[in-house]
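This report concerns only the one structure given below.
Per-chain residue numbering starts at 1, and chain names A, B, C, D, E and F are given in the order in which the chains are listed.
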Amino acid sequence: MRHMREGDEVNDQVDPAKQATPAAGDDRLIRGQARLAEITGRTGADVMAALGEVAPDFARYIFEFGYGDVYSRPGLDLRTRMLSTVAGLVCLGHAARELEVHIGSALNVGATREEVVEVIMQMALYAGFPAALDALMIAKTVFAARGLTPPAP
Amino acid sequence: MRHMREGDEVNDQVDPAKQATPAAGDDRLIRGQARLAEITGRTGADVMAALGEVAPDFARYIFEFGYGDVYSRPGLDLRTRMLSTVAGLVCLGHAARELEVHIGSALNVGATREEVVEVIMQMALYAGFPAALDALMIAKTVFAARGLTPPAP
Amino acid sequence: MRHMREGDEVNDQVDPAKQATPAAGDDRLIRGQARLAEITGRTGADVMAALGEVAPDFARYIFEFGYGDVYSRPGLDLRTRMLSTVAGLVCLGHAARELEVHIGSALNVGATREEVVEVIMQMALYAGFPAALDALMIAKTVFAARGLTPPAP
Amino acid sequence: MRHMREGDEVNDQVDPAKQATPAAGDDRLIRGQARLAEITGRTGADVMAALGEVAPDFARYIFEFGYGDVYSRPGLDLRTRMLSTVAGLVCLGHAARELEVHIGSALNVGATREEVVEVIMQMALYAGFPAALDALMIAKTVFAARGLTPPAP
Amino acid sequence: MRHMREGDEVNDQVDPAKQATPAAGDDRLIRGQARLAEITGRTGADVMAALGEVAPDFARYIFEFGYGDVYSRPGLDLRTRMLSTVAGLVCLGHAARELEVHIGSALNVGATREEVVEVIMQMALYAGFPAALDALMIAKTVFAARGLTPPAP
Amino acid sequence: MRHMREGDEVNDQVDPAKQATPAAGDDRLIRGQARLAEITGRTGADVMAALGEVAPDFARYIFEFGYGDVYSRPGLDLRTRMLSTVAGLVCLGHAARELEVHIGSALNVGATREEVVEVIMQMALYAGFPAALDALMIAKTVFAARGLTPPAP
């Protein structure tokens, strides 16, 4: 799922930590928040801060169902999971912010810059060139923010 | 790309082999047809037969650009390529026939039944449950046609 | 808009003619039904029969707004209108039946078989190969039903 | 979510009941199965039977997350929930089977035939006429199966 | 339909009022403009100003067909109509500006903040989490602009 | 395909000219770059500059396959090709930047301002009003940048 970025508004008067504090036995939430941190390198506090005011349960579903259930499943390695997610997001066409987060996640869990580019280019076959081109521009931004240098020509 | 299935009409009066016979130096076409065979386990003659009458150049583009250019690129292993394609096709929502072919392709190049299912289920997060559910029903058909037994419960 | 095909259920107990009989001064409806006949070669009775039972006003909107307003506008020739519609429907991805009708409409108003194929193939660049391939298979069916022979190779 | 229909293959050798039998404290699953029955008028056994062989956990997610979490929320009445779902499915464009099920669900929870038709027609403004027209044809089938007679003209 | 926002360019040299001034007997236009005002709380002058230069007839279609025909139909209350529209727009994925306007419209005609949030969250099941998350962020903006306070935690 | 606009980042350290310099016999690339210039009025250097760092081969595919293969085909005039592309992009819903470029391309190859507007308005029938409205706003920008005055009312 998408995580809020620095530009997003955050309402300091809300205390998101309270709203998503795991209760005893709340295994899915705990597992999900840990998995989210592993994949995205973030704590999820930004998700809570952005959603906490308007839809705190939606943040909880992202943690519990998205990361606690689905992304915690065995049966497929995280690198392939995240590259598949990048492929899916390219084909959706409208998920610019998610692409930004999950291109980063793919890199976090071991995919290379080149692999991300290959997956995106391949989706031109299925979703058309505009969707792939938009995604490559997003990837370029993510790579630049991480100081990933291009391969020597 | 999708390949024609047994149920598709084939016009015997067309000789597709002639239309896509590689000429000397036609490296992309030769490479593409070989790659297509490696990935899908088919010769591409069915594609030519189905398209040859109406749009023979489109079949050539599938071979040359789809398989000769894109799927022949280094930088990403075929198993990840095909699982990413499955993910992308689930998110498109309308590509039922392509899904059937490329779930098979994923299995051909080393993905397991379980991995295919994981990728599809994960796409419920991004494209919704209906798209994932439709894809699982297609996967079930492909698995059954190959006699792949479910894991013991 | 789509018109019902022979396979669609028709409820004979409904008299669609009554429901969309133009009243005096009902210029849009009259103009729309004439335009629909000109473009599709049908009377619209099939649309009324299929929709008349469940949503007769929707049939009226198709006639009035779709054909009476939009398709009756000056400023663009019908051949270009219908080829543009084919292009748009390919990119929607899910409009198989509409494609069948409007590939026929494009031929009715002066587009050639070759032009229809060119428009569809071109959309592979924007909507991906699966959407274009599905549309080519539909075009093949329409061409065959009209006895349009392929160009000599 | 979609539920399997009579035409779908069911593997009798699988015992779906076992796989989704709620354990002690499995509140979400129990709540979800009850909510699914309330909304769809079915037990969910068909979902388990269809998915149990290929992706039993996906059936569980449908029960737990779809019906146990989301559809069990307060804050919006079921009639509005189901009419909104019909609207959303029309706009997706590719969810024919889900539309069939959830048009039925909307009727089950108190929406009228007329209200379903109004919601679908309105979506022509946002998703275009083809998507709305396809949905009206599906609605017609659902209405017919329930013996719902059209309003007198 | 979408209405122009303050940030949109307006060409003062165009006099939109002239172009869409209802003539005698132009019932659909009059009815549509009144319905638009009732639903959106605006006069439609902004729509005319934004479109009047490039496509004045399109503004007229929005008034006449969108609001004069469809949104003026009996058979479904406005609150349900607008919540269904919000649901449909979430599933389209690309209609950010329309969502902003029609979340406001839903509130105008009696839906609560909570109901809007419920409809959007529910669409995560059908269109995926990214589409729902983007819509929640838009809803948050609309709520803030109206000074709607969140429910006490 | 989309071309980078002035606002896009360009990395001066990359020499895109080198990467896409046609080699002897590289007919598709040469033909594609010429076709691109004819259609878009640009050299393609901006595409190379934007993509050269992250995915130079993707720029080459745009030239070779997009313009050298598809847009160089006989069988359909360029004006109809570009108006069809505009129609397709409206229906995709997410291709704002491509729309901007190809509305310009349509004008370049002989389509009139009025014809572009007609094609976009017509797509409201198939993709809904929001997609058409967004496209009209983009068209307005393109027209303004070219000093195209509206027709006298």
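As a convention for this text, a contact is a pair of C-beta atoms (placed from the backbone, for glycine too) under 8 Å apart; a residue touches a chain by one contact, two chains touch by 3 or more.
Here's who's who by UniProt: A, B, C, D, E, F = 4-carboxymuconolactone decarboxylase.
Fair warning: this is a prediction, and the values are worked out from it, not measured in the lab.
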Output for shared partners of subunit A and subunit E reads B, C, D, F
Chains shared as neighbours by subunit A and subunit D?
B, C, E, F
Nearest whole angstrom, what separates the Cα centre of subunit B from the Cα centre of subunit D?
31
Determine the centre-to-centre distance between subunit A and subunit B, using the mean Cα coordinates as centres, and give it in whole Å.
28
So which bits of subunit E are touching at least two other chains?
1, 57, 61, 65-66, 70, 73, 89, 92-95, 98, 117, 121, 124-130
Among line, ring, star, complete and other, which best matches the way these chains touch?
complete
Residue set of subunit E touching subunit F in the complex reads 1-2, 8-9, 14, 18-19, 50-51, 53-58, 61-62, 66, 89, 92-95, 97-98
Where on subunit E is subunit B touching in the complex?
124-130
Complex contacts: residues of subunit B adjacent to subunit D:
93-94, 117, 120-121, 124, 128-134, 136-137, 139-140, 143, 150, 153
Considering only the defined contacts, which subunit A positions touch subunit B in the complex?
1, 65-66, 70-71, 73, 75-76, 79-81, 83-92, 95, 98, 114-115, 117-119, 121-127
In the complex, go through subunit D and note every residue touching subunit A.
57, 61, 65, 69-70, 73
